[in-house]
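Look at the two complexes coming up: chain A is in both, with chain B in one and chain C in the other.
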Partner chain A sequence: MTSVRVAGVGLTPFGDHGDRAGRDLFAEAAAAAIDDAEIDRAAVDQLAYGNFMGALAEQQGHQAPLMAEAAGLDCPATRYEEACASAGVAVKAAVEAIRAGTADLVVAGGMERMNCLDTGEATEALAIAADELYEVRAGMTFPSAYALMAQAYFDRFGGGRADLAHIAVKNHANAVPNEYAQYQREITVDDALDAPPVAEPLHLYDACPITDGASAVVLASEEYVTANDLDAPVEITGVGQGGDRLALQDRDAIAETPAATEAAEVAYADSGITAADIDVAEVHDCFTIAEAMALESLGIADSGEGIVAARDGKTTPDGDCPVNLSGGLKAKGHPVGATGGSQIAELTRLLRGDHPNSEHVADATTGVAHNAGGTVASAVVHVLEVAE
Partner chain B sequence: MSDGENATDDGEPDDQPPMEAARYPDGTILYPPHPLGPDGAEPVGTVDLSEYHATVVTWTSSTATPPGVREPNHLGIVEFDVDGEAVRAIGQLTTDEVEIGDTVEPVYVPELRDPDAGIREAESHSWDGYRFRPVE
Partner chain C sequence: MTEENQTADSEPASYDEWLDAIAAGEGFYLESPAGVGSLPPRRVCPETGSTDLTRQPLPETGRIETYSVVHVATPGFAADAPYVSAIADFGPVRITGIVRGIDPDAIGDDEDIIGDEVQLTVEPRETTDDRLVVFSPIE
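What follows is the complex of A and B.
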């Protein structure tokens, strides 16, 4: 089985792109990734594209061939939809295609437009990732779903709003030098604590913003990299996906994310690493509590300890395992169908040494990306390593 | 439901639908009913959860609600004990005067949110259901 290299990465700035069409955003990210990889567009075998709410935001279905066309690609294209993990599963599909020998060169990533909807509409559009008949009918939104998880977490393990605030403060600080981040500004613990409530115990700074943006990565087989003399020092050595019942009420675990634990176990076994090997991670902090639970699923923190990891300095830039040096979904932004691809792009930059925050992980060789859908009914974990 | 057809004068509905859960051969109860239960077994019966009390597992009060949803919207996940078998449900709470561990009972509501607001398709399904009310 061939190894899979990240040959190039590209992002649009994350934020409010006004009336720019989705195809325009993806074209920008794909062009950047293709330029970064220094490949010939005509050689691309497939496009694996993630998008979640394009049918509601732009009334646009069948997006994959449209995005291929916008990116100047003439190849089969498939859209992957797994809510906020859409681009994560798209990247996974690309890795598997290269490993299977059905492709040598694949562009993967995703795009989301959200600001063309007002906040209420965007909240409703996101909520279609939950169970319409039993969760959404009761008025459940994702902020309230994660609030239910947070209350259950506090009840079981302890912790409180101040612990969540430290997660937000860390991720905002990390975003400051990141030119792609939506919020390149610091906040304080008091800012977070004093912000208006969204769904108790989650307040405004516990939630990621509404974001437009696109991500793309060029993945290539090791043979292709060698034959074409590409500079691709980062390898995707492990992929794993986990699943759970869609509705939160239908699970045994509300204060934990077993689908992410499963994804991590599969990805670590695939790559041959253990959690102790992880030098840096990008995790799906759609809400601050989600970062705490992600760390526990990934084995970066023990059960019940994820909530204090930021406060204790374990996951800060100078800690044992810096988490979300990009700013995370919280401050970099969360264009939902693009996020999984952006995590691979940011982790690649961090490991290559060309990310504004690479200085904090100068000796890092192993990184993990954790991308989740819904209340983690879907989860994808990728292991990235610096190739020897 | 403005014609009073589904509610009597004291506010108690006279023809409310059951809060239906499914029972499987190994005793497991699932809400909502799933076509297949543990080990792929088909359901062997139903249970009307509206006849049982439940315990609050987790809850929140959402202040940023989408179109057609009451604000604030108090929401909880509760766990029923049906003769020793646990089964959970999510639903609106009648109040925010509640704590994890409190006992609640289901109360029927003809419309949980306005189906004509926002992006909803009013004809796609029914909009009634149960709220959970603390038991004194």
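What follows is the complex of A and C.
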């Protein structure tokens, strides 16, 4: 089985792109990735593209061939949809295609437009990732679903709003030098604690923003990299996906994310690493509590300890395992269907040494990306390692 | 209500029938032979794979397992906000609904309603005429 290299990465700035069409956003990210990889776009075998709410936001279905066209790619294209994990499963599909020998060169990534909706419409569109009968009709929103998980976590393991505030403060500070981040500004613990409530116990600074943006990565087989003399020092060595019941009410545990635990176990076995090998991680912090639960599923923190990892300095830039040096979904932004690709792009930059925050992980050789759908009814974990 | 096998010669119960039953005071869940509970529409037990699902009466009361006071609602719940969203444990199944009969503004960091006993009813939303799963605290 061939190894899979990250040959290039590309991002749009994350934020409010006004009237720009989704196809234009993806074209920008894809062009940046293709330039970074220094490949001939005619050689691309497939496009694996993630998008969640395009049918609601832009009344645009059947997006994959449109995005291939916008990116100047003449190849088969497939859209992957797994809510907030859409681009994560698109990257996974690209890795599997290269490993299977059905492709040598694949562009993967995603795009989301959300600011063309008002807050109510965006809240409604995000809610469709939940169970329509038993959750949405019962008044559940995306923030309130994570609020139910947070309250259950507090009840089971302890911790509280101040612990969550430290996660938001860390990720905002990390975003300051990141030119792609939606919020390049610091906040304080008091800012987070004093912010208006969205769905208690979660307040405004516990939640990721509404974001437009696109991500793309060029993945290539090791043989293609060698034959074409590409500079691709980072390798995707492990891939794993996990699943769970869609509705929170049907899960064995509400304060844990077993789908992510399963995804991590599969990805670590695939790559031959253990949690102790992880030097740096990008995790799916759509809400602050989500980062706490992600760390526990990934084995970066013990059960019940994820919530204090930022406060204790374990996951800060100078900690044992810096987490979300990009700023995370919280401060970098969360264009839902693009996020999984953005995590791979940011982790690659961090490991290559060309990320504004690379200085904090100068000796890092192993990184993990954790991308989750909905309330983690689906999860994808990728292991990235420096190959040379 | 009596036990009723929903398989073989009968169609599985729908979500609307489930609401109708709760409204009539005859709330039910589906049970597989291993004792696993689930909610309709369901043809297969999601845990065991059994297709032998029988209707069983829901316990009269449940206990709140987790909750959130929702301030930012979807347009379909705009007039309901702020409201208390909760998941309540009814033994064989958990159910998601809105807690009425308590003041959302009185629930904060200091007051915890986890473990409180509730009854299950079906009432209209305040924003629309859509039916809503409602939990009522038992004094």
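We adopt the following convention: the second predicted complex is superposed on the first by the 387 of 388 C-alpha atoms of A that agree within 3 Å, B and C clash if a C-alpha of one lies under 4 Å from a C-alpha of the other, contacts with A are read in each partner's own complex, and residues count from 1 in each chain.
Quick note on the criterion: contacts are C-beta pairs under 8 Å (C-beta built on N, C-alpha and C of every residue); 3 or more make two chains touch, one makes a residue touch a chain.
Note that this is a predicted model, so its numbers are computed, not measured.
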(message) Clash or fit: chain B against chain C, after overlaying the two structures on chain A?
(response) clash
(message) Per the contact definition in the header, classify A:Arg161: touching chain B only (first), chain C only (second), both, or neither.
(response) second
(request) Based on the superposed arrangement, let me know which partner A:Ala71 touches: chain B (first), chain C (second), both, or neither? (result) neither
(message) In the overlaid three-chain picture, which partner chain does A:Leu248 touch, first (chain B) or second (chain C), both, or neither?
(response) both
(message) Quick check for you: in the superposed arrangement, does A:Leu56 touch first (chain B), second (chain C), both or neither?
(response) first
(request) Name the contact category of A:Ala127: first (chain B only), second (chain C only), both, or neither. (result) both
(message) Shared contact residues on chain A, chain B side and chain C side combined as an intersection?
(response) 119-121, 123-124, 127, 133-135, 137-141, 143-144, 147-152, 155, 196-202, 247-250, 254
(request) Report the residues of chain A in contact with chain C in the complex, numbered from low to high. (result) 119-121, 123-124, 127, 133-141, 143-144, 147-152, 155, 160-161, 196-202, 245, 247-250, 254
(request) Going by the contact rule at the top, pick out the chain B residues touching chain A in the complex. (result) 30-32, 57-67, 69-70, 73, 75-77, 88-92, 100, 112-113, 118-120, 124-125, 127, 129
(message) Could you list, by residue number, the parts of chain A that touch chain B in their complex?
(response) 56, 119-121, 123-125, 127, 132-135, 137-141, 143-144, 147-152, 155, 196-202, 247-250, 254
(request) Could you pull out which chain C residues touch chain A in their complex? (result) 15, 38-39, 46, 65-78, 80, 83, 85-87, 93-98, 107-109, 112, 114, 130, 132-133
